[in-house]
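Note that subunit A is present in both complexes that follow, paired respectively with subunit B and with subunit C.
Coming up: the complex of A and B.
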């Protein structure tokens, strides 16, 4: 350390200008980053997205500390990656965990304060209250006044913001409104529309029965209908006198019905128009794990997910390896052309490939089905029969996936030293012994981790399932929440969150995502254990 | 560095203040690409007359709902959106829509289209178009519109026997929207209709009529009159190539059918034991955000500029869908459009309850199970009815 610092000093004195430039660049960079971060934080705070504001603030603080503290010099190079990881990986994970413990979803989309604010906008006409047509007046000081016309009776009244009610005199009933009245000027339609936002918040007349603008046409003795009472954590409906208490409860009430969480509920069981986001503890997890409608398909979908991922990896790897071995053989003509052509499926976007395959497999119009029919055979019902649908999706995934393993295996095969084969031949090994005793183990050292990656990828391969048939054909046994025979966990979770249930249920979907994450983590961990063997092989080489 | 930050914050505050003050006197509308240009024009007129700028943001039609759900609570949403009436439940249950007072114009609009924008007794939208499916036939193969579903079957059998076309009438495997008119012709329904609108406690997916319609479909398929594996594209392609003689589809498919050159006519849905076949009405309209700070402005624009015959006609010519305004509806001259209007004269508004998305999938799955022969009509629709009932009761 002493050596390093003395070295620094020496360099500093020798390259003073360079140091200034370097520090200048660091500070300038920090200023730009901080300014950007401040802008983001400011915008997030304004929008009330505190979680993101805090995350960005912490990340910015971390970057500043790293760049300004000498001892953390080495961390500078990974700081951008760390920052992005916090924002794109850690934050969503933490947020997902948080959401899984709430009722966030359709019907509970707003915060409690937002619901209270919305309710506060509702008005009602108390008994005996009068309704008028309105026109807006304004004096030179900018104060507004309201001209009210009782259309039924033909009477007119005039209210200044701060003044009391003044019955209109000197204007004949039914006559046009005066342009000026008591020092106030009548606003044109455009002006009063422009002022309507501000004027709507004003209250005119006496405190006992204030008059306000309620809508485009009506003004009157409207009163705020819902009043939030913090002491009781309840909303009072002033029109009916009913008290709507906020519920956060979890579980069921005495009658066994699911209790409404995050709602304002009256004694009669009525709820106000929308709920708010509230914590529900482990309810989402319990719903997921105990409900027969969800639990029933879960086991089947889990098995299919594992089967799908496993079959995809095995089939793509086998075919890819086969092509790689074939193309390694120098006796095959046009090797380069073949290799290029075989990579084509990898180069075309998967969605397009799936769409083309869907068309080709269509039992009525598809090329493949028609070709099979031309031989007098019944075309397989690819989108109708569960077994054939699964076969179809695996076939498409094979098409999409083999070029990757062909590429990887070609490289790995080339890396196996030729003298090992010579030694094997000297020992008299046949091709099978060479392949299983030499090629495959050596190959798996390099490709093994990629197989795991491919498994994990296919475990969550949402795109192909959704593009193929949206999880269909449907399962007969599925309960209220639809599930299909080709659904994998992630596509099913998507359906639970956005397609099925009561609209979007982010809380439940987050809980399911976390359960899926745990499942994938367990499977991956197991695989890593298994692949320890390969690592040992590689260490012996 | 400190001062730089400070000045930056001040600049930002100033900018935000400016943006906020600008927002107070403007109207923001989210519309899809077809309708945005028309609204731009109206907005310019509105600004000229009242000095209030109207900002039109163009979004994909389907994106409007999702983005609105995110943006409105965050205070970033528009004052008004264009949307479909079946979004109503989802948006209203989240408290995102404001009630509007349509009493001024109520008598100028198709009553069913106005009713479509009512959720739990509250009017949340002003309609501009009401569209529905109708019965299309290839006039070379089927000169007259079949009157009943028995006729449809007879005509189809004849066509196949004569080898005039591969199939007669065909339909979607799993699309309840296209199947609903058949279901109603057999006396089926989805939710019981009362004066106050749909009654979610009266589920009719497994009613006698619905199952009879499903049984018709089941027999129709198993007797070889229709293959399975038909989706939107397959259905239309087969009709356009003359492989199928009759389909049920909506006005949105007319351009592609006209392009194919097949001669066709649009007729009413054939009737059945339950009376005439009633299609769903899908209504598009304007909705005002509950988070809008300019509701009076929004209503003024809505009633003075949008609810006029001129606007309704230009909306129609930009994207021909049967208008919801009676006068604009009466001025239609196009035979095809009149065919759709006639078929929809008894149409029922699609239910807009938030559970509808699950109703669609349970219902569609039931259809698919019948079509693939995996379940009988009674089992599949009975099961779907139970699923929907459980869903609405709120337990899984």
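Coming up: the complex of A and C.
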């Protein structure tokens, strides 16, 4: 029998203090959550981070609907988990999909509006603008101020602090400048010279008419240098008169070079210093296929990723099964002790294990290399030769992973009914027939899904690759794109996103992530079909 | 099985040989399994910062008292006294002068070992102040007494993060699992499948989004910002939902329905049934989920490294990695000492509860 989720009648009849308290707690909790969410949404909107504001709003809406609508009783139990998943897994996922269609990365880190705002802060001294003579003042806090002398207007004085400028009162035109004015002290000529370097970068006066030091004698009214023209979607450089048009999209210019997207480009081909985030369509995905610089490493890294995951599963499973079979023999002395000692690698944090192995394999100092050298042999170059590096990483992963399959196989072997073996023996089966005809098939039924899970786990086993040698040794052929011989897809994407001399390329890295996700999701679906889970869930409905 | 005794005896003799062979294989396996562990113990006890030692128990240098009146002189004297070449790492000398700890770096080919001034002694020219590293525990001593690398703080951070995350994960996912196991509602199957698929998204790259999000949240709710315990816990808890809901649902399914049905018939609410009846029943497996979650979070490294910037907010794994990721100052001995301490909680948990954990790992797979 199953329960109807909606309007559980029993709850309505059992009306009492407990129910009121419970409902009160629910509504109180809801009010607190809503208040916090509204505050966050408000703050995010003010900050202009719309994607987060929308995410929080949607999650809050979902929670409110679930708790306030009748008939969603079952979902109330799931709502906390769903909300957390949406915030911490689904939002980052959607965001990654979005980034994979953009040029987000070093040089294109800001939105277009942010870039325009940033450019708007640039100023220049226009020809024919108002010019003053200047003297430098400083207050006790260390802030500078400018005493401006308007020579054209017959020595009218202005006093410009950071953020304000006003005509000077109480000092006659042409008179000597006062030593102190409004809490500021006049700097001597020497002090002025020393401080002028720092003061030169400051903008005095109100934002509408900023004043800055132009030369040793003159200060002037600066003007905004870059003005965005919405009609033409371009930025006008008022100093040179050049128009920098925004570029989007994908394409190649006449010379065949990839066209710069998300930049302000002038007719002369100059670009402004900061690019912006722009959509590039499927360009990041197409770069896999078209760009030889990426396609070369990609194919090899993909093959190695599959090979690494497969070899890891096969080797750990084989060794784990071997140990599990040995430990099954009740005549083995100290069975329990053997088993406990063999689990030890599993209990040591992977990061620490890899670091230890790395130290042991070090060709110059490592204890393994020293031992090999003691026999008069050349220690293998575990971190230089691609083949040996791959061998080293597989060896470490074998050490890390066999205890898991040893444990799992022990459990599964114990679950195989003993009478099946007896029957096999009556039939005169030898050990080989028993193993391949009985043990292995029975075992694979039970352990099969775990083998697939282990494959997907190793497919994205970032920690071991990163801790071993950060993907190294580097692929020389890869050229400008950083890639290593032991890199798997996920570690390569990580390198593209967060490091390497070439700078961050979040767009390409996100595209790779999405591809990895699709591959792993397909394998997981397959595993799901293989597991009884699906049928079990289906039958119960 | 056979009535003929002769082949039976032959079989016995053969199986004795096989047994010996099996034991030999197992002994070899144990050596393979434990060798790195022995090595790390040896490195932790080795007073020099080398990562290789020819003997398992490293030789202990003689205790010497050297006299110096300034750190610079100390270097020269130590160089003269403790004549031992270190090829590998740059050495760091910790010197306490009038209660203040100072750090000196010895040249790469220096002849110096870790040196600590005995605590509690005054500093005056000519006093016998320095004793050259004379203990197997010098690495542990350094580990706990380097203010620049607050190991105890890291240990505390990791423990807090792992504990809070575990409690939240177990509680929140058991609520969901109860619902998925006991209620029938439309969209239930698709929701479970969706949760499973979303879970396999490699969140390594989603880190860009997580980073930006924590940054933004932290501006308004500093408790959950970047660099905070709260923020990291939020990320861990959110990321642990999917797989644990599935695991838990398996456990809840194994509790017979009759139990809660009779309770509901007696007028108990679902909450009472869940909290008073089912929750205690599945507690043994909840402990397993909790342990796996605790160990996973305690040992997590990638997210913590990106999201925690401050040395004071680092977790144990991030801090330990710092000891050996620096290309110019790899402190293998100290790392080894820290690694042992860092591995002890996991080791104890796994070795004492191995049977329960096997049950947890194979749940759902083996029972099918």
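Methods note: the second predicted complex is superposed on the first by the 401 of 541 C-alpha atoms of A that agree within 3 Å, B and C clash if a C-alpha of one lies under 4 Å from a C-alpha of the other, contacts with A are read in each partner's own complex, and residues count from 1 in each chain.
Note that in this section contacts are C-beta pairs under 8 Å (C-beta built on N, C-alpha and C of every residue); 3 or more make two chains touch, one makes a residue touch a chain.
These numbers were taken from a predicted model, which means no experiment stands behind them.
After overlaying the two complexes on the shared chain, residue contacts for A:69 are found with neither subunit B nor subunit C. When both complexes are overlaid on chain A, the residue A:180 reaches neither subunit B nor subunit C. Using the contact criterion defined above for the overlaid structures, shared-chain residue A:415 touches subunit C, although it does not reach subunit B. Within the superposed three-chain model, A:362 lies in touch with subunit B and with subunit C [touch as defined at top]. Look at A:447: by the touch rule set out above, it reaches subunit C but stays clear of subunit B. Look at A:95: by the touch rule set out above, it reaches subunit C but stays clear of subunit B.
Taking subunit A as the reference chain, the count of touched residues is higher for C when subunit B and subunit C are set side by side.
Touch criterion met: A:193 reaches subunit B, while subunit C stays clear of it. Of the two partner chains, subunit C is the only one touched by A:463; subunit B is not. Looking at the shared chain after the overlay, A:49 reaches both subunit B and subunit C. Touching of subunit A by both subunit B and subunit C, each in its own complex, is seen for residues 39, 47, 49, 362, 364-365. Within the complex formed with subunit A, the subunit B residues making contact are 1, 4-5, 8-9, 12, 16, 24-25, 49-52, 69, 73-76, 90, 92-96, 101, 104, 174, 227-230, 234, 237-238, 290-291, 293-297, 299-300, 303, 354-355, 357-358, 361-362, 365, 368-369, 371-372, 374-375, 380, 383, 387-388, 390-391, 394-396.
Put simply, subunit A touches subunit B in their complex at residues 27, 31, 34-35, 38-39, 42, 46-49, 106-107, 109-111, 114-115, 118, 121, 189-190, 193-194, 196-198, 200, 213, 215-217, 257-258, 273-274, 287, 291-294, 362-365, 381-385, 472-474, 476, 478-482, 495, 499-503. Touching subunit C in their complex are the following residues of subunit A: 1-5, 8, 10-11, 14, 18-19, 22, 36, 39-40, 43-44, 47, 49, 52, 73-78, 80-82, 84-85, 87-93, 95-96, 99, 322-323, 326-327, 329, 331-333, 338-353, 355-357, 359-360, 362, 364-367, 370, 399, 403-404, 407-408, 410-412, 415, 425-426, 446-447, 449-450, 456, 460, 462-463, 466-467, 490, 493-494, 497-498, 506, 509-510, 512-513, 516-517, 520-521, 524-525, 528, 531-533, 536-538, 540-541. The touching residues of subunit C, when paired with subunit A in their complex, are 1, 19, 22-23, 25-26, 29-30, 32-34, 36-37, 39-40, 43, 50-54, 87-88, 172-173, 175-176, 178-180, 182-185, 188-189, 191-193, 195-210, 212-213, 216-217, 219-221, 234-235, 237-239, 241-242, 245, 253, 257, 261, 264, 267, 269-271, 298-299, 301-302, 306, 317, 320-321, 324, 332, 335-336, 339, 342-343, 346-347, 349-351, 354, 357-359, 361-362, 364-366, 368.
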